[in-house]
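In what comes next, subunit A is part of two complexes: it sits with subunit B in the first one and with subunit C in the second one.
Moving on to the complex of A and B:
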């Protein structure tokens, strides 16, 4: 009897928030990876623009992106190292600082959505339930650094497998929803990495706009050397 | 009736001191109303001139739907400058110049020696203008440049506050980053040419960029989002707007300057409402003075009215007499007030008033003026008011019973 009660309690009690968020982070971006992705921005006027890129990551806070298509952005690169990000413009042959909250290539992701994917480092977390979605846990995130992408985030993550991203809502400090994301097409990319291949980010301020980021291939075994995360390496 | 008028005027001057005081109140009131409106006319003239010659031109042409986009100026609602239908615009009689522009948002950074020291770019709203065509449409724009500034193909201007934040000096390299017409990020190199002074408060993160550089940055070579059109005479704007609409057809929209600078129009409408309210209060105060004078006059002259009625003057004639007395008093006061007010306004107008609005860095010179229509309305209202406000005393006089009035009761 006592044993059954205990089991039931453990079943109903939410798991540790930080652990769950760490699992979310691991699904979204393992410590090291190399991936090719396609971002498609659906614009107000009904037209779309697609950007093809290679993304690499090393450790918790270093990323690099090379843009391949369309021709207008070919040769552009983005480097994130710690709290600083730069964009390299091939026509000017120089790198400019990027603000984390600026739009990523005119789409509905901001730079931090793509570059600062380790939420455990940036946010305090509490766990709750959504009666409408009992197969998920709801993580309420509050920014603890000024560089975090948003003041508040509400994340719905799966219970099994625990931490699998389902939906995100991104808010200002005053509680205004800026964007919402749907995570879908969970795919096994091999070498033990399964993640939603598609993230669809909707602009809640201009609701006729949204952008999709689709991971086409991804490999968590690629370890990129340190020298690729320096400014002197940009443009090479 | 003429006899009654003669008697009325004579009566008014029977008690000179009282007439003088009441007329003086009228003169002061009308003077104040005319002067306030005159200075306001000067201020609004200056606002209109600075708007038209410094910002909007007489009217503007955009792609249809452009101004309705309140969130951000859309680059996709643009047009090719060699569109043949635009060629007729410059040939409309009364149009003196046409200048293409692009409004866009982007970020600006001024790189330091070491790239690591360069601060995050600042977001700004920019107006891209052609350095040679723009002065023909908005000559006052040059007045917004701080001393020693240059604006040409290789130099841009940024708002004063922004220049300070960027810690930039004249001649420093400035890198513009902006999403192009398709949304793809692009960069363009320019140089800091100087600062833009702010006319109205709140204009902080603004920049003026040479058109060709903006066209490269936004990948919009040969295109623009706006045409600013200068006109010879502002009074012609409504008819030119109609002609331009007919010429350009439904793919373009044409707006007069005050439909573009709606905030300034609202500001001026608010000024008008406040000044109208103040004028009405002034008029009411003067007219209460007139009513008081007339009532005193009736009470004092009860026996006189009784005598008049006893010798056959009708009630209507008594009523009319007192109304005419109030009106002649009004005419004296209004004429004096108008003369004094218009002279004062004309003197200010000839000299010009220089004021610097709070938190703006550009001084405005006002040329106060009086508009005849306004003077007519003020005079008519004041005289009508004199008649209305003396109605009660006059009615009271006309209702007296001769026998009682003769007894002084």
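Moving on to the complex of A and C:
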């Protein structure tokens, strides 16, 4: 029985890469949502730093984040609108531009990992298989815009449900792996949204470190007003 | 306002966010001039409260109580007013949004439209900031603002009234001088600060997100607001954009003439003789001049793969002195320190006590900073260089910060001035020549800081 299942999986024709990537995008980030998340950065010495935040998204390319904890970053905000991102610094009393590839709060995610999750828009995709993981498809992504987070990404996504994220590897143009991610704890957040509640991102340049992003609650029915995605709304 | 607050309390919708810090620091310094302290302990308790009775209405305050004192003061004057305890009302405002595209704000707020980090040439309203740590100045200006925001365009109009008298950090008069002279001026301890004029500024800006670039066009009309200009129009432009991992920005202000204070030729050596013959030793000869004057800044930031951050800015100060004008100003100050101190004046509201204060007197400056996090555990290294390019004098700052806990930051900083190339500096007596950054009252300074966030 198991052998038959594995044989069928092996013989299955690869699906359309773009469709599969669109499903990945839908799992990770539906068009609208409001979520509370906790990012925990695990440091080289075994200590941790935790950041609690509220994330909202509207449409394909607008996000905003409010940081609540720790107290040292309370009041900081991040806004993404299209290819533009800003961070509002309460001490500076103004917003500054962010690069997609800059580190997200000094952890092992970069800004685009959190803010720029529309991979269909940013990457060309081809589909393959991994003989060691026959219950997944392997998506090879190549950046088609300079604002994309990485030059190349290798994604393992589930065959059932199709497109469910399992693992990711993120590379430079020269093929050097910068980060790797494990997607786990698939959770039904209600209102038709199921996704891995936990993403564990490992910094492959400093392998002692990794950061976990855990979605504690999420609601895909929340539609945030347009005026919350303007630069002049930051800090308010 | 109060009805909205009470209603929100009744229905339980009131959102209150509080944060703040307790900051203690001790500064040890090598002094080089009279009136400069060798030891300054300071403790600042800061509280920031944001109250949102409804989504469309916010009241915010950012207030500090600062205890500080000065010890080991060089010279005879031991009581230095700028080192007395004070309240710092950095921000206190109410803001409402009666319509999706209209925002109204009144109170004290730090509004910065420019993109510069160390300097903001287009900022005509706020107290000056520390170019080696721009996050340190939190104080704004008393103003009223109407803003019309859209997704990619925002129009703002601001009217600001200057604080004309303040005690212990709390304002007692706005726009025009109070009717009565202060007790200190009656006793002759300080000059009478009343001038019978209105001190105000009106500014407007249009922000647009164009071609993935932040573009801000601004206009200001000011009357004796933070400078000596009367009924002065000025125009500003600032830009910012990222190219991959590189952020580039520029900011510039155009104005006619200059409010530069100049020493009359010959009065630098014998100012009292000039006074005796009815000639003020200093004047502002270009206040009403028509030549176009520019203050501008270009810079960029880049974050490396190890999260290190490099920031470089060049600042052109069109109000700065040429070498002869600067020499006369310095020599007047060297020979007559009390006169120089009186001429420098002091803002009624200097804002938060700064770790390093700087008023640029020359024209060309370079600011470079390099921050490397996690040099060991949670230790961050910050190196900052503020250099005058005309005499190659500079102020270097090296700081190591350790965050042993999420709520605790410990820092050690060294501020090291360099006198510059002697041949390009000015004579400060006894044949010694120094550049601009060698003229401060402080020599090397060392700062220990502990900050607790809550």
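Methods note: the second predicted complex is superposed on the first by the 225 of 236 C-alpha atoms of A that agree within 3 Å, B and C clash if a C-alpha of one lies under 4 Å from a C-alpha of the other, contacts with A are read in each partner's own complex, and residues count from 1 in each chain.
Assume contacts are C-beta pairs under 8 Å (C-beta built on N, C-alpha and C of every residue); 3 or more make two chains touch, one makes a residue touch a chain.
Since the model is a prediction, treat every value here as computed from it, not as a measurement.
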Subunit B and subunit C placed together on subunit A: clash or fit? clash
Quick one: is A:41 in contact with subunit B, with subunit C, with both, or with neither? Answer first, second, both or neither. first
- Query: Which holds for A:50: it touches subunit B only (first), subunit C only (second), both, or neither?
  - Reply: second
Inquiry  = Quick check for you: in the superposed arrangement, does A:105 touch first (subunit B), second (subunit C), both or neither?
reply    = first
What is the contact status of A:58 with respect to subunit B (first) and subunit C (second): first, second, both, or neither? neither
- request: Considering only touches as defined above, state whether A:72 meets subunit B (first), subunit C (second), both or neither.
  value: both
Winner on subunit A touched-residue count between subunit B and subunit C: chain C
So in the superposed three-chain picture, is A:87 touching just subunit B, just subunit C, both, or none of them (first/second/both/neither)?
first
For this session: Mind working out whether A:233 is in touch with subunit B, subunit C, both or neither, as first, second, both or neither?
Result: second
Quiz prompt | First, second, both or neither for A:97, with subunit B first and subunit C second | solution = both
Please indicate which partner A:153 is in contact with in the superposed arrangement: first for subunit B, second for subunit C, both, or neither. neither
Clash list for subunit B against subunit C, restricted to 112-120, 256-264, 274-282 or 292-300, contains only 112-120
Contacts of subunit A common to subunit B and subunit C in the A-superposed view 43-45, 49, 70, 72, 84, 89, 91-92, 94, 96-99, 102-103, 106, 205, 231
In the complex, subunit C touches subunit A at residues 17, 19, 21, 48, 58, 91, 95, 97, 100-101, 103, 110-112, 115, 117, 134-136, 138, 140, 147, 149-152, 154, 156, 207, 209, 212, 214, 240-247, 249, 303, 305-307, 373-374, 377-378, 403, 406-407, 409, 453-454
Subunit B contacts subunit A in the complex at 71, 74, 76, 107, 109, 111, 115-116, 118-121, 123, 175, 177, 179-180, 182-189, 219
Note: in the complex, subunit A contacts subunit C through residues 43-45, 47, 49-50, 70-72, 74-75, 81-85, 89-94, 96-103, 106, 146, 178, 205, 225-227, 229-233, 236
In the complex, the residues of subunit A that touch subunit B are 41, 43-45, 49, 51, 70, 72-73, 76, 84, 86-87, 89, 91-92, 94-99, 102-103, 105-107, 205-206, 231
